[in-house]
Structures are given as structure tokens and as C-alpha cells.
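Each of the two complexes below includes chain A, the first together with chain B, the second together with chain C.
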Partner chain A sequence: MLPARLRTETRDWRRIGGSVAPIVVLILICLLLSLLTPRFLTSENLINVVRQSSLNAIVAAGMTLVILTGGIDLSVGSLLAVSSVFSAGTLAAGSSPLAAILAGIGIGLAFGVANGLIITVGDVAPFIVTLGTLTIARGIALVYTNGAPIMAMDNDFRFLGRGGIGFLPVPIVILIVVYLAVYFVLNRTTFGSYVYAIGGNQEAARLSGVRVRLIKAATYAISGLLAGLTGVILTGRLGSAQPNLGSGDELDAIAAVVLGGTSLAGGRGGIVGTLVGALIIGILSNGLNLLNVNAYYQPVAKGVVILIAILVDRRVRASSAA
Partner chain B sequence: MLHSRHLGLFMAIVLLLIGLAGPAASAAQEPVLLGLSVSTQSNPFYRNLAEGVVAEAQALGAQVTVLSADDQLEKQISDVEDLIAAGVDALLINATQDGAVGVVEQAAQAGIPVITLQRGVPSSLVTSHIGTNNVLIGQLAAQWLIDRLGGTGRIVVLEGIPGAASSEDRKTGSTPVFEAAEGIEIVAQQTAEYDRATALSVMENILQATPDIDAVFCYNDEMAMGALAALEAAGRDDVIVTGIDALPDALEAIRAGKLTMTIRIPVYDMGRLGVRYALEAIQGNMVPLRSVIPIEFITAENVDAPAPAPFEGPIKIGVSVSTQSNPFYQLLAQGTADEAAAMGYEATILSADDQLEKQISDVEDLIAAGVDALLINATQDGAVGVVEQAAQAGIPVITMQRGVPSSLVTSHIGTDNVLIGRLAAEWLVNRLGGTGRIVVLEGIPGAASSENRKIGSTPVFEAAEGIEIVAQQTAEYDRATALSVMENILQATPDIDAVFCYNDEMAMGALAALEAAGRDDVIVTGIDALPDALEAVRAGKLAMTIRIPVYDMGRWATRFGVWAVTHDIAVPVQNTIPVQFITQETLAQ
Partner chain C sequence: MNDLMHATGQAHPPDATAGSAASPCLLRMNQVSKRFPGVLALDRVDFEVQTGEIHALIGENGAGKSTLIKILSGAYQADSGELIFDGQHIQQPTPARMQHIGVSVIYQELNLVPYLSVARNIFLGHEPQIVQGVIDFRTMHQRSRELLNLLGIDLPPTRLVADLGIAARQLVEVAKALSRRVRLLIMDEPTAPLSEQETATLFDVVRRLRQQGVTVIYISHRLEEVFRLADRVTVLRDGRVIGTRPVEAVTRDDLVRMMVGREITEQYPKSQVQPGEVVLRVSGLPGRTDHDAELVVRAGEIVALAGLMGSGRTELARQIFGADPMPHGRIEIRGRPVRIHSTWQAIEAGIGMVPEDRKTQGLILERSVADNISLPVLSRYARAMIVRQADVRNMVRELVRAIDIRIQHIAQVVRTLSGGNQQKVILAKWLASHCDVLILDEPTRGVDVGARTEIYRVIGQLVEQGKAILLISSDLPELLGLCDRVVVVYGGRLVAQFERHAATAETIIRYASGAFAD
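== the complex of A and B ==
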């Protein structure tokens, strides 16, 4: 049983779509790292770690919408690669940086729409469909590049990845815009409430007049678009595009969503938790690098922290539900 | 009239003949001159080596000067100096001792490719070394004996001169094999100093102590002959005796059914191979840095078997590469295809898309299509089954870069990542003038290439007093990961002089992080010579990358495959290809 005050806070957090446990875990990790290394709690490093986490966080924002409807999107890592190579390829072909950025985001959106249509109209399980597009997109990236990286050194193009607005790096600005937008959509629009409704009980939502297919397809389209955007940002950061970019990134995004307290069964959770989850994963990698931990122990440490965070989350939920 | 017409015809033929002979005579250039310095010609083994060199040089139209050092270092040094002065185009040397290194490097620095045969010298300037591998010989000989005994038996081991490299290496190879075999018990392990008389008395003593033995495993034939004499005197003809060297009287003993097995080292072909490497090196072509000569088991069944008849006719070569979506393996496949075409043979190339299942069915298809030789770049160790299937069907198998754990493979050619790690680390230490704070970015933890590059490089950094590794992290061979890891490291320890990356992808990621942080004072090195890494070297951003001549690897693999089919020459079983350092200076040339 938690103290009354914390319980109220917990309820507040859940109302806006998250759980307090991930935040507690995040604060604990930050405290621990501050004690272990003086290099952690500096403004440069904090900006650095948020910038690094922003890529996973943006992908995870789209993933949150998909998972809230009870679905899954395994294709995001490959979409990131396809968008990266298409934008760099467009740039290399002599188009303007803006056209290159739009090409990258557009191909992500196109794949997202295809995912959504096959899942809803074709009535195939999201796991299977997005597994299919995962391999197709990766293959297209390989075919398009013939396996070799494409340079993208144009300074205007790289603004999305390397630029800054004031003291804030552009990826962080994009992160803030994306999260404000998704937060608004989820909590202040009927679309958002339909997303929760579908995840809670798809049949009931359908019977009460929700256009289930359209809403679900839209979540995959948004997920694809955000993966495409991330691919463009990453290309700008690296100054080149590679067909093998982002392989396995879908798992990081899913981990961020689940760490943030969103249920894989759908209907429960929210976008704020996902941001916290992405930060936990990013800070963990950052901290292990700062502490110069042996490479063999790093995956163990990451896995253990993720499991602890989820166990704590479950306990807090169970006791606050009681 | 008739007469003059005949005369005219005669004149026409003469003119035609002169016309044919003329261009050939004028095209005959100065023939290539090779120099061979052999440690001694009084030992039949090394005489045989020199004969191989002379025969192959004649066959390929090169001249060769052979000098024997009579096992004296001083004589060898002046011999080599004489050869350099005579203007040889390449030097083949079978060193008397390590001390010959100085004069060998003198030749190398004069731009003469140096091929060392059997006895090498410790120098990184040697173009190629061809020799045996005594660890491997020990291992194979021990396994042969265990198989012959059906896995159970009590054995005696006679070692060579304690401390001699050949004896210690044969021990390193054989002892673990015996220890791993459950039914095998080593009842005595003694030295007999590679000597026949010593072996006689040692064996007599052992027979007194433990008469109940099944086999005697000798590190050379001299000792095997001594042991046989002791056994014969004791009336024991039930003991299996094995030797190594294929000496003439050991072969006699095999014919008489006394000695069970000896090992022949095809030293004549070693000499021939040396000439082939030398001629390629003179042309400026890549030759393997190290090649290990195969061995033959000689038993009563094959001691008098005629040499296999040379194979003539068209050869079909099957190539199975792990993936063609990676430019590195694409080049490998291109090398095999181009060389097959140059030799006038047909090659079928299949790509497994990094999937073991596809590779297995690819190889099955190639076997079914009746290929004469199989060149394979394995996706994983799991391809071993289908590789052995091919070998058992009589198809020689050459593995390229990624091998499989099988003793049925004819030859392997590839890089040595331990060596690459060592050379790259030495380069960086040198470049830093021996002092500096460095960051190491490792590859995927557990991946063989990454672990081996670590084994090669870490001791070099640790041994350099002025070098401090301020961070050693994995970036998973991945560009995006390296970017983040490097950013984090710059947060933790901004005071660094160099970043040592286990591949170019990570080097490019690290460069992106350094560039974003406005750091252009940090030396970054990579490995692989990817196209955009070369761009970065040209632009002065990346200090160095290492090129693995994978195209030439494919060409040599094809030659080995063809040689194995035609029985032209003994095909070296293990081949390490050299690496090239790529810097702004080398690119400018």
C-alpha cells in the first residue's frame, strides 16, 4: 500500500497516460550515475544523451500509438534504413535538401500506409505483416544502394541531424514537437480516444460506431512516417546512409514503450511513459560508456535494468489497483 | 619455268618462316633472374627444395642462381649480398638462422621481393613465407594414430631435441589430441633427441619398464628407425610405429611392413611454389603472406603408388559466397570469376544471402551440376556438412575468408585478424610517436573477427609505455552506434589523441562525432578500406585504413582449386593474405 499522496500522484500520471514507476527508475539511475561519475550530470552530457535518445524516442512515439491499439510494428528499423538511403540517394541525384528530406519521410509514410492497409483491409495479423515489410524494406535498401553507403555531406541537409536552434540540437527540437503533437492527439482529440477504445475492446469500439480500420491504419501510417523522419535525422547525423542502418531498432522502440508502462495488450498506457522509457535506455548506454564498462557486461546490465524497471512497474500497478 | 616456280615457292616458305621467327626473337626480353640462397645442399631435404626451384624456374622461362650457405650464417649473408649485387629480380631464401634477417631486409629495402622457404626470418618486410606448420603436423599425425588404433591403446611418445622449435611445436600439436582421446593412454613420453641410437636405448629402457604397449609415436623418422630396432630385438612385431620425414630407409621399412606410417613433406613442390610466388611478386601482384604446405601420410598402401595422372580438359568451378550484398564479398566473387576466365575455365557463382540453408542447397546444386572444384566463403560453421559431402565426392574444396571446421578441406585462404590487429596497432603507436591517450572501438562482442583483432592489438598498446587506453568500448561494428558511443566517450574523457576502430563503419561514426564536437586534432584509424572511408582518407579526415586484397584472394583461391584438380603442384593448405595500409600518402601515389 502506497502513501495516499503518492497514490493521488500515481492517478494523475495515469490520467495523462503513464505510470510513476518508470520516472522513479529514471531518477534512481540518474542519481546513481551522478554519484559514480562527475561527467554524467553536466549540461553538455545531458543534452548529448537526450539527443541520442531522441531517435529511439521518435520511433517509439509512433510505436506507442500502434501498441495502444493492440498492434505491433516490427518494420520500423528497416523503414529507417529505406528512408535513409532514399533521402541520401535523392540528394546525390542533385535534388534540393528539402526534396531529399521529403523523399525520406515520404517513403516511410508509404510503407506505413501499406502496413496499415494490409493489416486492416487484408485482415492479417500485424506481427506477420510488419515482419514481411521488415524484410522487404531491408531488401529494397540493399538493392537501391547495391550494399554500399551513400554519402550525404550537404550542410543544409545535415541541419536536421547536426544543426541547433539556440542551445538545443535540432533532433531534440523535433523530439519536443513530435511528443507535443502525439500528446495532443492522444489526449485532446476523438482520434486519441478511439485509439484507446480500440485497444481496450476492438469489438465494442466497432459496435459503438468507431471506424476501427481507418483509425488502426492511421496509426501504422504515423509510425511509418516517424520512422522515415528518424531515418532522415540519422542520415544527417552520420553524413551518410547505409542499407544496414537501424537493424534491431524496432526492439529498442518496443522496449521504450513497454518500459514506459504501455501494455502490449493495448488500451493502457501513454506517450509520456514512452519518452521516459526511451530516456532510460539512452541514459543506460550513456552511463555504461562513461564508466567504461567492459563490452561483455553492457548487454547484461541493460537487460537487468529493463527487467527491474518492468517488475517495479507491475508492483506499483498491482498495489495502486488494490 | 617449272623449276623457277618451285624455287619461288621455296623462297616464299623461307620468307614465311623468317617472318614467323622474326617477331618472336625480337620480343624475347631480358629473362627474369631469380636468386636462391639455400641453407645447405648436403641435406637431401633442402637439396630437394633447391631442385624444385630450379625445375620450376626452367619451366617458366626464368633464370635462377643457386647458392648454398653450408649451414653457415656468414656465408649466407655474403651469398645474399652477392645475389643483390647480381641484380636478381626476386630473392628466394631458406635461412640458416634468424640472424639472416639483416641481409634479407637489405634486399627488401632495395625493392627486391623476398620469399622465405621453410626456415624464415623474423621480419615484416618479407613478401611471403612458404613452409610447414609443425603444430599442424603433430596434430594430424596424432589423429592418424588414434584412428589407426580404433580409439584405444597404450602409446609411447618419443620427442625430439628439448627446446627445438620443431619438437616443441609437434608436441603442442599432438599432446592435446592424445589427451582428448578417451581410450588412449600415454604410458611413456621421453626424448630421444631426434637421434637413431638414442632412440634405440630409450626404447629398450621403456620396454623394460612397460612392455604392454600398442604403438610408438615418434617426432621424426630417425627415432622411429631406432625404436623399430629395439622392438625387433625384443621380438615385438605387434607394435605400430609412426615417424615423420619420409627418409629413404623409413620408406624401405614401410615397404617391408615394419614401419606403419611416415609423413612426407612435398618440399620439391615448396620450391616450385616459391618460384610461382616470386614471379607474381615481380609483376607487382599480391601473393599470400604465409602459405602452409600440405603433408602426405605414407603407408604400405600408397608408398609405391604412382603420382596421380595429370588431369586435362575443361574444368568447371563452383563458387558459393556468403553474400553479394556486401561489397567486400562481391569483390571476392569477382576475383574468382575473372581468374577462372583468364585460365580459360567456366565458373558458376551462387550467393547465399547470408543464409546457411540457402548455402547448403546452393552447394548441393553445384555438386549435382558436376563441378570439379568448389570454392566456398561460408556463411557459418554449419556449412561443414555439405562441404564434407563435396569433399567425399572427390571435389577439392577451397574455403575463402570464412572457413569451416573440417579436415577434408583442401585449402583455406583468408586474412589473419590477429595479425591485422597487431599491425594496425603498431602503425598507430608509431604514428603517435609512442605516446598518446587512445580510445578503442571494438566490434560485435563475441564475433571472431573482433575478438581476434583485440588479441592482436591490445598487447601492442599495453606494451607501449607512453600509450594509455582511456576508453575501450564496443560499437558493434556499426556506424550509428559508434557515433553515440564516441559522443559519450567525448563527454567522459575529452582529452584524447587517437581513436582506434576495429572497422571503417565505426571509424566513420567516430569521425562524425568528432566533427560535430569540432575536434579535428584526433587521429582516427579504421580497417576495410570502404569507399567512403577512402574518401575520408583522401580528405585528410581518416588517418589510415587497411585494405584487405580480397579480389586477389579470389584469384588465388581459383588457382588453388585448379591446381588441386590438375594435380599440377601440391596446394598449400593454409594461406594468409597480406594487408595494405591506406593513408593520404599512399592514395596520392
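== the complex of A and C ==
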């Protein structure tokens, strides 16, 4: 048996991170890359990595809430595209940059609400519902643009994607705000407690008076909203919207959540882990680029590292549970 | 090695009553100890089971019963001591080895595959085959029927296990053990989820097993069952064997004393509370003939819903609590009609419910004691959804002290608590909510004698606070010991009502089994 003090410390670690293993993996990858290439450990490159990771990380923050309730949201990649083309379209139609930004976020939110309602009121499995909206949203993006990109060169509109506050790029600032907010919500509010309760045991939560449908629907709405926000940021960065943006991004977001130690069964995990997971994925891509690894090998390498990280996490968990 | 070869050589068919050596002692454990970090789970245990007997093993939660079973099943290895089965020393017991020599365990969580047929479950892993890999269904069904007949069960081998009730599933487990030529069958609290009738059927099956020469170790919390079924009984306490007795030679009180180590004088603290005003009134419920029955619970009163499993008592309770839609009936709280369509509305109306299944309905096992207790009332400790965590912690600590939940820390994960303490956590949830009406569905199921008495004490406190309590229990002595009135449910209808002094077990069973039509 561990001495009492040590045990409280482990508990505190779990409370913020869900698990320590992802952080260890992240540090190991960073150490390895700094040894392999001098170009990795520069402030310029590090800020660059975080900025590149920020889009996936923001989507993954919403995904964390959904997965903690025991659900899944496959539609986020397509929502990103719909948000992108709607915001660019609104801008192209002569509306103000603010209206365009709100249009993009709003369409993501609307899809998220629809996901939540069909899942909870219609009582359909989240996998099926969000698979449906995945194709619907992608289709709408294609119909809306007729398959062609829409330019969005307005400087104010592009602030979210390209701007900077001090030395920090705006996407990183948004990332920080989103993660602080989700951390606060998960750990300090009734909503957060209900999310964990539903994921831990939905029936027990319901029999304790938790409004399960409302809370679950809200997690999908938040996930949709954050996907919409990400679409707007990405459009700003690229200066144009394309209907095929974000294709497959749902898998990166899910990978970040799972890498961060959140259980796909729900009820266990947390937002800090997700941030670490998104950084692992981002740094991995960055490192492979710096090392000039053939682009076709990169997905293979990424998948292998994800599997190794999860196996390591399993081991650590199993030994700490015994 | 030599004795391993020997033991593998003998696989007895279940009807070989004589056995090989006809030794009176089938199983013997000598000075077996097992230590886990921080606890000595078994302390030099001597335990002996005779061939062909039904041997009850009883003890409170944490007494070491499950550790003992796991050693017998090969899941754990003892730290020291000997295990002798049918005269053979078992050196390295593994699950496969123990199964091979004829030891089977039926756990509370049954090990059946729901979407396979009864026959495929019975022969899972040793299917009769036409050629390697191709199941011989004709033989399998034929042999399944034989096994089920042997047990006196009428069940088509082609039925899906998913379509069976819990009682029938248990019988399939017994048939499965029998198909593996079981010699020693260990049953872990098999009657916990069963109704009176289903229990009687299971007992018949166990007695038939004895006739077939199968030896049974029967683990239970219900002392009545020991007297109904067993030949001998062994009591464990704190990892030690307190004694083994022939059942004829002991009384209920003897066993309680051996289990607890102290006298439990007043098992059911009779409340001296005079029932006050009507708190809960549900009218328009199905009665014997029409929708005219009424369920009334007063402040400081315990009303029991008696009935067999599936009679509709749990369903009615869940409807009152808003967990399921209510087809008939109107609910009034303190004379005011209330509309309840979901559990949160019930809680706002002042109703709480301890559900029948602690682990799947009552608790979030991976969360802390504090998270579980505060869940129904969390919004009352929050403004703009932000929880005042210090207040929550204080509230939880107070309740933990008030009803004496034994934990190290309120951040402790609920899964690690004993059954009795888990049940107290659920009770604490509803104490925190200050509800007026509390529905208790099987509040002492799977809880040991000591914790049971403490739960009765908490119920007594609740009554003194003037709460209206609706109690459901399959344990008739408990039900009669606690309640002020009994309402009997049969086929979803309220068919009879008795004051406590007028209620006896016999009359309740008569109405509960539908024998009232004349």
C-alpha cells in the first residue's frame, strides 16, 4: 500500500489529467525530436506547432464533452466545412465580417443542436446520427459552393485565422480561452458533474434527477459550435473556403481525446489530457516534416505512435489500478 | 506431476454416485491463508466438504467468502496451506485445472452469452461436433434436453438466453455446469434476485443435484435458506472459520452470533412514531376489479408494497418517481396534485427513490462518495451552474458522519466500498435532498447482517424525521418487521391491504400469489 500522502497526490493528478501517461509520451517525443533535429526546439517552431495543433485541439475539446457522456460525434469534420463555406459565402454576399463569423459559428451550432435532438429525443445511437449529419453537412457544403472555392480576403474576417495578440497568434489565444472554459465547466459546474455522471452510469444519473437528455443534447451543441468556430478560423487562415475542408478531421479529434486518456465508454478522463493528445498529434506531424519523412509514410507513423501511446497508457492504468 | 496425471485421468459422469473411492470427504482445505495488500483475507482456514452434501457458507461481506471461492475456482492461488480434492493434493490450481477435475462456480453475474440459444450456452466451449469445428446440433439439443429434464426444468434448448428471466438463466448455468460433469458446484448467492417461487424452484433443482451425487457449496446472506436447504453450515468471520455445524444443531440466533460476534438484540427497531398527515396519495390505481385503488403514505409511516417479482411493485414505485410513464393514477403530495413526468420533477416534488439494483441504478461506481451523494441536490449548491464546492463537501461530510458510512475520504471511489456502505451512500443521497417521500426498493439486498441492522437504524431515523416511506422487499420477515401497513400487489393491481398487526407471512403470500379470487 502506498503511504496516504502519495495516494492523494495520485488522485490529484488523475483529477486534472485523467492520466499521466500522455504527458510522458509527449515529453519523450519532444526529447527525441530535439535530439534528431536542431530545428525542432526553437520558439518559432514551437509556436508554429501549437498553432497548427490548435484547430484539431478546439474540435477535440467539444469531442471530449461528447465522449465523456459515452457518445461520439462523427460530424465535426463536415461541420467545419459547412461553417467555412457559409461564413465565406456570407462575407461574399456583402455582409460585415462579424456577421460572417457569426454565420459560420451559428451553422455549426445549428447542426450540433440537430444532432443532440435526434440522439436524445429520437433515441438513436450517436454513431448513426452523426454519421448521417456527416454526409448531409458535406453535401450541403458542396451544393452551396457548387464544388468551387469561395474567396474570403477581408482582413478583419481573417483576424481569427491570421491575426496576433502580442506574440501569440489568435488561434492559440482562442485555444487557451476554450480550454480554460471547458476545464472550468467540467470541474466547477453542475453541467460538468452531470456529464461525468451520465458517462459513468446513465441510469443512475437519471434516477438521481439529472436531466440526461438536456445535458447530452447540450454536449453535441457545444461540439457543433466549436467545429463551427474552427471552420471560421481555418477560412480566415486560408483566405478562402472549400467544401472539402476538414474531411477526416473527426478521426484526429477522436484520436486526441483517446490519446489524452478519456475512455470511449464515457465517464472517465478530462480536458487536459485532450490538449496533450492534440499536441502529440501535432508535434508528430511537425517532426515528421522536419525529418523530411515521405508524406505517404506520415499517416502510418502517426497511427503507429497513437497505438503505442494507448498501449502504454493501458499498462500504466492496469498497474496503478492493481 | 504424478498426481496431476492422475487427476486428469478421472472425469466422472454426473450420475456416478459412487465416485471413485467413495471417500466421505470430497474437499478439504488445510490451514489456507491468503493475504492482499493491507488485509489478511483468509487466515489459516480449515474447511471440509463431504461428498454429496449441501454445505452452506455464510458470513458478512468481507468475511472472506469470495476469496475462498476464488481459490477453489483457481482464480487465486493461496499463499500457504493445502487443497485436497477427492484425496488428491492440488498443487497449482488454475481455472482450467479446477474445472477439469469437476469444480464449477455460478457467480452472481452470470456467464451466459445472451444471443445464443440455451443449448449453445450449455455446451459453449465443448460442443458435440460432427467433424472438427462443425456443431452437431441434433446431439447438442438432445443432450441439453436430457440435462434440463434431469434438473426437472421444462425449457426448450433452442430458446435464446436473452429471452429468459434471471431465474431461468441461473438454471441454464446449472445445466451448463452439469454438462461439464461437475462434482462440486459452488453457488454464490443465487437467490438474491429471485422471487419466493423462483427460489423454491431453484432449491428443488439443488436437491436434485444432490441426488445425482453432486456436492454443493451454497453461499447466502439469507439465514432462512440455510435451514431450508443445507445439511451443514460453515460460518466465516474476518477471514477465519468460526465453526462448521450440522444445520439441525444450530438456531438462527446461533448463526447470527457466530457471524457478527455480538448479539443483535433488536433487529428491527420498531418505530414509536405516530403517523401524521397524509404526504403521498396515489389514486386511480388498478385495484382488484376497477381503477379505484388508492395508495396512501402518511408522515412517519412505513408502507410496504409486497408482491412477487414481476408483480408490478417495482414498476409502480418507478412510476411514482417519474422514472417510467404512469398509465393510470394521479399523484398528490400533501393534498396538492403534482405532475411528474421525469425524475427531476419527482425530486422537486419531494420524492426520492433508492432503486432495486445498487450497482446498475443506484451508483456511479467510478465516481467518488461526494460526487454520488451530491448528485441529486447539486443544483441547490450552485449559482449560475457554478458549484460551491466547499459547501458540498461539508454537507457530504456531515451526512457521512450522521449515518456512519465507513470511508477513508469523501473523494474515495464508490466501487471500493462494501455493499453495506454503498447502500448507505445511496441513502445519504436522499437524506441530502430532504425529500418528504422516500421509496426504498430492496434496501438491504446483498447486504450483510451487520450493515443491514445499520440500514434499519437509518430507516428508523428517517421515520422519526417524519418522512413517508414506501418500502419494497422480497424478504418477508424484514418487510413485516419494518412496516406499519402492507399493500399487496399482484398482476399490477393493488389487491389487499393490512395493518401490521393483521398481516402475517401466510396471508401476504396467499394474496401475492393470486390465491384470493374466491
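The criterion applied here is as follows: the second predicted complex is superposed on the first by the 310 of 322 C-alpha atoms of A that agree within 3 Å, B and C clash if a C-alpha of one lies under 4 Å from a C-alpha of the other, contacts with A are read in each partner's own complex, and residues count from 1 in each chain.
By definition in this document, a residue touches a chain if its C-beta (ideal position, glycine included) is under 8 Å from a C-beta of that chain, and two chains touch if they have at least 3 such contacts.
Keep in mind the model is a prediction, meaning the values are calculated, not measured.
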>> Between chain C and chain B, which one touches more residues of chain A when both complexes sit on the common chain A?
In response: B
>> Contacts for A:Ser285 in the overlay, against chain B (first) and chain C (second): which applies, first, second, both or neither?
In response: first
> Touching A:Gly267, do we find chain B (first), chain C (second), both, or neither?
Replying inline: second
>> Taking the superposition on A as described, I'd like to know which of chain B and chain C A:Ser95 touches: first, second, both or neither.
In response: neither
>> Contacts for A:Gly246 in the overlay, against chain B (first) and chain C (second): which applies, first, second, both or neither?
In response: first
>> Is A:Gly200 touching anything from chain B or chain C once the two structures are fitted on A? First, second, both or neither.
In response: second
>> Let me test your reading of the model: by the given contact rule, A:Arg39 touches which partner, first (chain B), second (chain C), both or neither?
In response: first
> Regarding the shared-chain residue A:Thr189, is it in contact with chain B (first), chain C (second), both, or neither?
Replying inline: second
> Regarding the shared-chain residue A:Ser208, is it in contact with chain B (first), chain C (second), both, or neither?
Replying inline: second
> Which chain B residues qualify as touching chain A in the complex?
Replying inline: 324-327, 330, 442, 445, 471-474, 478-480, 483-485, 487-489, 491-493, 505, 508-509, 512, 515-516, 530-532, 535
> Along chain C, where are the residues that touch chain A in the complex?
Replying inline: 37-38, 321, 323, 342-344, 346-347, 353, 355, 360-367, 371, 374-376, 378-379, 382, 385-387, 389, 409, 411, 429
> Can you name the residues of chain A that touch chain C in the complex?
Replying inline: 1, 8, 11, 188-191, 193-194, 196-197, 200-201, 203-211, 267-268
> Hey, which residues of chain A end up touching chain B in the complex?
Replying inline: 37, 39, 42, 44-45, 48-49, 52, 142, 146-149, 151, 162, 234, 237-240, 242-246, 285-286, 289-292, 295-296, 298-299
